[in-house]
Amino acid sequence: MAQKHALHLDPKVRQEARSRLLSAKGHLEGILRMLEGEPYCVDVLKQLKAVQGALDKVGEMILRSHLEHHVASAALRGDTQRMVEELMEVLKYR
Amino acid sequence: MAQKHALHLDPKVRQEARSRLLSAKGHLEGILRMLEGEPYCVDVLKQLKAVQGALDKVGEMILRSHLEHHVASAALRGDTQRMVEELMEVLKYR
Amino acid sequence: MAQKHALHLDPKVRQEARSRLLSAKGHLEGILRMLEGEPYCVDVLKQLKAVQGALDKVGEMILRSHLEHHVASAALRGDTQRMVEELMEVLKYR
Amino acid sequence: MAQKHALHLDPKVRQEARSRLLSAKGHLEGILRMLEGEPYCVDVLKQLKAVQGALDKVGEMILRSHLEHHVASAALRGDTQRMVEELMEVLKYR
């Protein structure tokens, strides 16, 4: 557990993720405003897809950083089994 | 065009979508707070997945309503081609 | 039920789907041959992805045809509820 | 390059993958037979989804084995950058 918490998200990736999530949040607020009016279904679906795409991008950045900084060194630390299990769990429903 | 904008999202679905998106926005704000600290990558990925799942749910509700109220009656209105094209576009990258 | 079976897949789409699935089957046989040797994991994953992409394409063609020929006329036939339910079921895990 | 080809797919996973792909191939042949008749679109879509699910399962097995046997030891071998790049490429369109 202590070991796990030492595996922090890379600060540069964290900043980039924050900035992208702030923008996704703004986009989501835009959809909420649309829903106060009488939007056309497909217009809402398009906006939702754009937000999902932005969240996918953030997930991809964090995944890449995790593979590089934590999974690739699992054999060195001796926690391969746990790293693989939790990663498969997170990738499962992508 | 005028016809298109008459095809509004069903008000009941719209309310439910708003309520779910407000909750997703709260969840997203929680992830933003996580990113002010030093989170573990996989914990962030899990939370992102939860938000994605919530947005999927909203998309699913709106899609169902659109199929039921608008696509199923396309032949009656005579706009089948356009309804199908725009729907395929939106489903494409799901 | 009888009504349901009258909603056949468009013959032209059916031919195109067959031809694409035959090609996907050939591709799958190629992967099976790879697996008789000692392939590199990522090479197998790439080939699997190509087959999945081909199957996605076939699914997309059939979905488009179904929307156009069957779902868009559901209100005319009076089977909207069933058409929407079964479509949502099929789209669910895409 | 020589090093890369030393990273073979685990033999046990390879056998299991072959067996599952043979079954998926049989399923695909069943869909091809359906398409010689006059199937209902949604029935074909359901069968396609089942095959896709089977291929997903195989991909998941191979991915897990790759993470465990090859990615987790990348830092030991010194090929982290390449392992991560090729893995991200393969995960990209999942």
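When the chains are written out, they are named A, B, C and D in that same order, and each has its own residue count from 1.
Quick note on the criterion: a contact is a pair of C-beta atoms (placed from the backbone, for glycine too) under 8 Å apart; a residue touches a chain by one contact, two chains touch by 3 or more.
Computed from a predicted structure; not experimentally measured.
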Through how few touching steps can chain A be joined to chain C?
-> 2
If you average the Cα atoms per chain, which one ends up farthest from chain A?
-> C
With chain centres defined as C-alpha means, what is the inter-centre distance between chain B and chain D in Å?
-> 30
Rounded to the nearest Å, the gap separating the Cα centres of chain A and chain D is 24
Indicate the whole-number Å distance between the mean C-alpha point of chain C and the mean C-alpha point of chain D.
-> 18
Junction residues of chain D - those touching two or more other chains | 63, 87, 94
Draw the chains as points, connect those that touch, then say whether the picture is a line, ring, star, complete or other.
-> ring
Pull out all the chain pairs that touch, please.
-> A-B, A-D, B-C, C-D
Okay, in this complex, where on chain A does chain D touch?
-> 60, 63-64, 67-68, 71-76, 80-81, 83-84, 87-88, 91-92, 94
Chain D residues touching chain C in their complex are 4-5, 7-9, 14, 17-18, 21-22, 24-25, 28-29, 31-32, 35-36, 38-42, 44-46, 48-49, 51-53, 55-56, 58-59, 62-63, 65-66, 70, 86-87, 90, 93-94
